[in-house]
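Common to both upcoming complexes is subunit A, partnered first by subunit B, then by subunit C.
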Partner chain A sequence: MTSSTFLNIQGLSVGYGRNAVLSGIDLELGQGEFIALLGSSGCGKTTLLRTLAGFMQPSSGRILVAGRDITHNPPERRDMALVFQSYALWPHMSVRQNVGYGLKVRGIPRSVIGARVDEVLTMLGLDGLGDRPVTALSGGQRQRVALGRALAIAPQILLLDEPLSNLDARIRLTVRHEIRSLQQRLGITAVHVTHDREEAMVMADRIVILNQGRIEQVGSPEELYRHPASAFVATFLGADNVIRLHAETEASTLFLKGDALAGGAGVVPRPEHLTGYRGPVQAHFRSDEAEIVSGSSNGAGIELLGIVKHASYPGGIWRHAVAVGDEEILVDAKNSHAQGANVRIRIPADALFVFPAEAATQSEMNELQRGGATQAAA
Partner chain B sequence: MSSSVLNTPALPSSTATHLTTWLPSRALRLLLRGLALGLLAFAVFGPLLNMLLWTVAESWFFPNKLPSAYGFAYWGRVFSPRGNAVESLVNSVSIAVGVVVLSLSLAIPAGYALARLKLPMRSLVLLMFLVPQAFPNLPVYMNIARLFYDVGLNGTYLGVVLVHTVHGLVYAIWIATAAFAAVDHALEEAARISGAGPLRTFSDITLPLAMPGLMASAVFVFLESLDEFTATFFVGAPEVNTLPLLLYTASAGGNYQIASITALILLVPSIGFMLVVERLLRADVLAKVGQ
Partner chain C sequence: MNQRALGPILVAPALAMVVLFFVYPLAYSLISAFWSPEGWGWANFIKAYELYRNDIVFTVLIIALSTALVGVFSIAIGGYLVLGENPRSVAILKWLYRWPLFIPFVVAGQVMRTFLAKNGMLNNTLVGLELIEPVSAVSLLDWRGIVITFVWKQTPFVALLVAGAMASLDRSMIEAARNLGASRLRILLEIIVPQVRASLTVGLTLSFVTMMSVLSVPLMINAQTPTTITANMAFRINSYGDYGVANALGVISILLTSGVAWLYLRQASKDKSRAIA
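For the complex of A and B:
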């Protein structure tokens, strides 16, 4: 991504006993880059962070910082800072002592520590709280102290372990931007672990999506959102409406067939990863990118026929549960459509993400193959 | 539907009868509770009161219900240069301090290691420390005395300190383990990533946070040593004289005044320290004892 690689993770595998938690992670971060590790719980994102911090030893692979191998350095010799999910502030120390501890253990003179701590407290809006015990602070203030403690030592790399998950929803939104702007201002390379998709999208330069200990996809938020590389990424980033179809490719065109489609067929441009593919596919799309249309319309895309099961109003738009064949999908629309109404749903080609079918049941697979076979015979 | 209609008129009368039976039963319960508490208080404080009376009784002969003369003459005798109470007190306290130092210097590393062990292993090791307590005291101490006699530890302060430590170590390790286990591991990790090495982390973070629990275990060990009798009797007597031994000799000789005054001297630090322990041992530490 960036011209110079600052943090380089090469073939990293980590396990507890014989259970591999991470296998073969390769990742490069540029200096000053903000990376979010995104995934559901148990995907290995926290393990990756803890391995970077030195709390866990990899079974294989290397971690390089500015070309220096730190794989086997203890945590105190990595020049990294970590903001813990629980904040892990020391209850027997004041705010000032918590923030200044990293400087104290580095043997920095007390006067310098005092000035630096004041600077950090001011930067985080904690003026006047320095002499309070950390146990007397609110959740938001504790979070700032934890961040202050991490930033006080001016680390090369800042690790964030779901630091916002214990905050109220409203505070969380402001703290997101604060952390991001601080990180940009100080030019620190940051690795942020989260399971919150929006948080990752808003804060990070690049997002790493982890699934079962492997990297599914790395890219900018928009790249991942617009061009998910796998069904997992598509689902994880909100494209969780799934329609099973049969696909055939010809040059740069993808022919889709299925009973759910209006006219039994649809044509969209072929994505890169389906070159020469022929067989069952699953088509993903987001409920807010599909629209309920009257009559056919032009422009690249596919159209589905369905029956409205029920409609609800979560605010701003109407959300319709629509039965399409055996499957049920959610479609947002400005106006409500009555229960039982036959509707035509249009999905623009650039909002449709098609992947080879993976989790289809055997009967569905058979049906799709039969459809394909008939097609081939004809 | 119909049953609720039937029930409705019956309701007020049932509450009325409930009220009338409720009042005397409540008074009775209060009375019983008061009686039980009174009995408990008597069981706990009655002997203590008797002991207090004995400490200030100049003469108290059968069949008098109360002493016939009061005074502090025996206090003078206990603390006179000829009486050996002061020597015993100094002995008892210095032995107890020695035991605390030795127990804690063993219990701190052991407790820390045990606290970071996985749970089943930890329980097993802790149980092992409890095993000596399962045997009757007398045979154990008799054998220790026999062994100490062979190596020349019998009748020495070191011997008494060692045998008290064996006894006090169980409490020390159990409480120290609980105190260290109550320290969130993330707090130590936070110190490590902040730049502190393992030793610095232990002295700056782990030890201060576990300190209240460790102090509590020190108090327990101190008190255990202070009124330990059996082991001191076998290993220490007659060269090493402690307050419990003095108490034993005095009361065996029918000198109840001296015995009571000695007992009072033993009681004061016990009660004082118990109050300290009660403040030091937080619920989260207590919850981890033996886990």
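For the complex of A and C:
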């Protein structure tokens, strides 16, 4: 544990009965840090949040806050405030009563509660709505009340369970920034669960990508975007165009071969994780980072040959579905290319993420890491 | 045959049943309450008041007390089913609490006679456990026995309604309160009960009306005065053939239950207007 670690999750495993949902989660958060737990449905991100809040008990592992073990503390003794996806506002109470409830429970004098609630309502732009029943509020206002209720008790840690998923797209963009700036202003440590990649990217200091109950990668939004550690992370962060190739490495160079490549071959700098690797690979890239070019060009990268199957205009750019060998990829371009046109697609080396093909097993990877490169059939 | 004629013909048998077996006897009893050998007037009501005013007060008090206790126990049972953390205890309670629902009042009365008598099972157990001396054992076969029987019999019914309403609440509302530091008792009283108030009021209103109409329990448990209005009505008819006073007592019972129904309707309309707001 580093000296700046505030929330420390050590080897946390959680399950429902015999079904393990989370396995061996290790994570450290600094004070005032905003972390996003990102993953698809069923990856265990909400389970992790609920375990932090105390609503689920881990089968093994520990949770420490400022060095204090709170693993077995009940939810009411964790000093963490959770904002629920459904907001979970109490319909029989007014806005003011909802926001002040946590303070009332703590036995704080009524006058102090009143002042604090006013302060929170002002901070969230809910002035004048204090005496309204929560049932009379809009979705965005309810979301703010839920946030205000959590912030009123000045918790050590703020837990956010997809709090924006019930808002319409326009309001969501505004509230995203509001929550982030509020968190920074208050210096509160926050854990935010979301399945929305862009939401995680714009809000979080660091993103934790979860897959099937395990952490795939932790890093800053840019780090994850530019250097995904696995095919899953690359796909999840938008690099979902996949071309299957064969790879060979030599020193710091990666030689790629495949029928889809212009000239049948390409050369890019070798990523760290493919040291000594030889065998089938899958190359991932984003549609907006590939470029349709008229002739061969200089610079590190690969070029693919394909035929335009379809072009559509989602706004700003043209999106082309291009058949490359047996596979189909999406490529964005400023100008449209006619259906059936032969095109050359260039992918810069820094936009290409190459991983051993998924058929290559974990044991093969382990052997590679031990230095005994396995000869994998192409 | 055209559609306009078909409607009344189809509804006629059901309507005839309602009029014949519900509206007619009720109206007949109501009207008979105002008829005595001296003619039309308040004579039956005056006689009922003079003879049975203590019993009327007794009835209202023990049924109000029973209703309040039924409410308390139903909230406790529903609350434990929703907030209990020991799955085994919750499962046992869920299985046990509904049993009295399937036992008729007359059987419940008989069960309580053997349980609450001076030499009944309750006192024998207390003496056996050396909690009381045999000489200090007292019979509970009086107003206390009626209250215990009513509460025993009616709690499962109200608990069933209340527990169902509690279980259908969004679980995250309970978790939100826990997350903010509320104890389970606080959550029950401040978060859950206010949200199931409508179901609780329906259950308690129906229980009040049911208990007002029970004859077997007071007859079996409380063979003394004061007793309940139902026992007085049975006595007027069986001993004197005095349908006039019995009907007057019936009208008084209806007025009492109507009062409770009015309170319920007022609450329901308040909740409705709040929901619309």
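As a convention for this text, the second predicted complex is superposed on the first by the 355 of 378 C-alpha atoms of A that agree within 3 Å, B and C clash if a C-alpha of one lies under 4 Å from a C-alpha of the other, contacts with A are read in each partner's own complex, and residues count from 1 in each chain.
The criterion applied here is as follows: contacts are C-beta pairs under 8 Å (C-beta built on N, C-alpha and C of every residue); 3 or more make two chains touch, one makes a residue touch a chain.
It should be emphasised that the depicted structure is a prediction, and the values quoted were computed from it without experimental measurement.
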Problem set entry | subunit C versus subunit B on the shared subunit A, clash or fit after superposition | clash
Exercise. Which partner does A:76 contact after superposing on A: first (subunit B), second (subunit C), both, neither?
Worked result: both
For this session: Using the touch definition from the top, say if A:259 reaches subunit B (first), subunit C (second), both or neither.
Result: neither
Exercise. Touching A:127, do we find subunit B (first), subunit C (second), both, or neither?
Worked result: neither
For this session: Have a look at where A:149 lands relative to subunit B and subunit C in the superposition and call it first, second, both or neither.
Result: both
Exercise. Now for A:328: first (subunit B), second (subunit C), both, or neither, which partner does it touch?
Worked result: neither
Exercise. First (subunit B), second (subunit C), both or neither: which does A:198 touch?
Worked result: neither
For this session: Once the structures are superposed on A, label A:102 by its partner contacts, choosing first (subunit B), second (subunit C), both or neither.
Result: both
Seminar exercise, completed: subunit B and subunit C footprints on subunit A meet at residues 53-55, 74-76, 80-82, 84, 86, 88-92, 101-102, 105-106, 149, 153
Problem set entry | Contact set on subunit B toward subunit A in their complex | 184, 186-187, 189-198, 200, 204-205, 208-209
Problem set entry | Of all residues in subunit C, those that touch subunit A in their complex | 170, 172-173, 175-183, 186, 191, 194-195, 274-275, 277
For this session: Show which residues of subunit A lie in contact with subunit B when the two form their complex.
Result: 53-55, 74-76, 78, 80-82, 84, 86, 88-92, 101-102, 105-106, 149, 153, 159
Exercise. Given the complex with subunit C, which residues does subunit A contribute to the contact?
Worked result: 53-55, 74-77, 80-82, 84-86, 88-92, 101-102, 105-106, 133, 135-136, 149, 153
